[in-house]
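Here is the structure we will look at, set down as structure tokens.
Should a chain be cited, it is by its letter among A, B and C, assigned in written order, with residues numbered from 1 in that chain.
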């Protein structure tokens, strides 16, 4: 398997662009689904994110009375920054920004940063609905975090390493999704959850007038919405690296396979939003701790036994 | 074309419109929503999200001051439209788009906006907090989120950032002491009955006490119901009932977070309102009712949320031992709409029942206390209060 | 040279944000200033090639600060507005103790004759560090974590004023538990 090359300076500039394009593709797919549901042409739906960006760039920023502006603005720009930090460890073909030996833990650390960032967005606005949105996110995060951690540990156990390139190399014979499906599903659901997307979007939902998005406008709003899509994209890319064999596949070069698989998984995430109702954090808690966590632990146990037996 | 102009042109392709519905103008509001969907525009969820403020109907004084306050919270570029009947909707939206494109006008508007926040009136509150344009000095206190009911006799030297006093504590539902925040739900909230204001005392996001109120319109529209005919034949009654039931289903489904199903219900409502024959929508209603009742995720999410005894004394509720659930109400509406569409039967309940609406309004404090905001929203949506009838039944106000 | 500069910068950040915890005007700012301080310490650990420990420190500390912010605000009743507040009590003695401890530790770090390195660092620093610190007591260390967790859960259960009989009825036969907020599984 190709060893990851050192930091390629060209990739350092290209990675954010690729991330942006993939996120835009996800937003376009979302727009297409909405347009189809409302009976409009697909083209108008696909162009919707571009128009939304134009609208938000034209809109002015606002503030509220006695808002904690420093924390608020840090929160608003934080989501995109966290997504970029996550892409630093994801290899696309031979390019990777930083193939650190603890990449899986780094990914986990970054999505814990999202806890802080989303809460800061909710807190900074000094608005009741905003605050409820921030707290809803933390309540949901407490529920999905332990299953996510164990779902991340499972491929690391199977590959005897926390480095992403080692995990990809260990999948040469058999992709991990085949014998750790539970970990894969839990990981994908956690990606949807930390992006505040789909069934786990109660932090930004309409019943609290937009939650964390209630008081933001203009470029702040653009950064938060873009950050959500960017987190979804990096999550999908990491799932491809951890469970779907990275760039493995016939015919096409491995960077192209990585992008194709990421796009497919990303499309699945976007479609999930339109199919399922939202899950409120107080309902999620019991299910996550009493059903999902034991199942994921069982999965990790089985994988560990298999790895130990294989020697 | 310059960069600015092309960005502006792109921006008006996806305008977000904040729709304020005055009680009684439900038909116009439904038409607005249909028109927004047709153009690819979105209904805004909060003033920060909105470019256009669209008021459906002629609001009374209190509601007018709420609209003025919301208008001041819209970040620029912004436009304001008033729509009085369904035929005005398209032209009103076009006018709004043209105003948004008018650079000179928008810049003039931005210049004339004060850096001082708008003076607050003590009684009416609205969504969230007030805001001003840039991060400027706030020399006057903004609208009070905390009511003046606080005990101000003690602690006169309490810090009051932004002119708003700190919350005081009170026992919460677990017996601990928690701060009490006075927040008014409505009158402008997504998927919320028109003109309804519920003054809540929140501890965290749990509602401790709730006081409902309806802000009336200045006058009534001269056509009733979603169809807009002066003569109400049985046929029109049925269509108006199907539209009303679908609309109620849209609100509950949207609040449950199932935007796909809510969109389907909305399409059915708009088709019925636009004149499609009921038999044509019957198939859509069937499949929607089926998928809603089969969805185990919806059942799980709405599990245990009931509307108590609010309907115990009506025709529907008589003889029931268990309180009606929100999910039960939702499925009941879809089933009834289905029945009316397919078999041309009459509706069970007549919509014109001010006593029923009043009793629902009076049941709100007891239904909402002890629930969290999400559950409270679902309960209010499942009551499907026709606020126009309550507002009409009061003494006429100017 | 570069590593000295980076080390100094991170150390200054850690100290400055630690001081900021007591100087800022809101509980949320205090909490996140503390988080910044911890992240700087985690970055310092990364400089020692202790990759796993450094990243885990950052992860745990940010998570803890996010949850701690909730509790601080719950107990102190603050709002997002910035208000001058004082978080210190017994200023004189706490200042004396703090400065004294700082001088003791800093003096130790600078004046103790540290031994020179013999041999080369192990390939897996995390494992060798773990062996060195916990070596003979590894079993205890492994079981401490779930025991801690079980203790916390048990303490919460004991502290809850509503017991089994409040929830399930006198003969524990109710179909659903009588909770103010229904959980996801109806347990």
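Just so it is clear, contacts are C-beta pairs under 8 Å (C-beta built on N, C-alpha and C of every residue); 3 or more make two chains touch, one makes a residue touch a chain.
Because the structure is a prediction, the values reported are computed rather than measured.
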For the interfaces B-C and A-C, which has the higher count of C-beta pairs in contact? A-C
With chain centres set to the mean of the C-alpha atoms, which chain is at the far end from subunit A? B
Intercentroid distance (Cα basis), subunit B paired with subunit A, Å: 32
Taking each chain's mean CA coordinate, subunit B and subunit C are separated, in whole Å, by 44
Cα-centroid distance, subunit A relative to subunit C, in whole angstrom: 26
Residue numbers in subunit A touching 2 or more other chains? 66, 125-126, 135, 282-283
Touching at least 2 other chains, the residues of subunit B are 161-162, 164, 300, 303, 372
Return the residues of subunit C touching two or more other chains; collapse runs of consecutive numbers into ranges. 79, 81-82, 181-182, 184
Which residues of subunit A touch subunit B once you look at their complex with the stated criterion? 35, 37-40, 44-45, 47-48, 50-55, 57-66, 69, 125-130, 132, 135, 199, 201-202, 205-210, 213-218, 221, 273-280, 282-283
Over in the complex, which subunit B residues touch subunit A? Could you list them? 7-16, 37-38, 40, 45-46, 48-49, 51, 73, 75-77, 110, 117, 127-135, 138, 142, 145, 161-164, 181, 183, 189-191, 202, 204-205, 253-261, 263-264, 267, 295, 297-298, 300-301, 303, 372-374, 377-378
Going by the contact rule at the top, pick out the subunit A residues touching subunit C in the complex. 66-68, 70-71, 100-102, 105-106, 108-109, 112-113, 115-116, 119-120, 123-126, 131, 135, 138, 141-142, 145, 162, 282-287, 290-291
Note which residues of subunit B are touching subunit C in the complex, please. 159, 161-162, 164, 166-167, 169, 173-175, 178-179, 300, 303-304, 370, 372
Residue ranges of subunit C touching subunit B (in the complex, touch as defined): 74, 77, 79, 81-84, 161, 176, 180-182, 184, 186
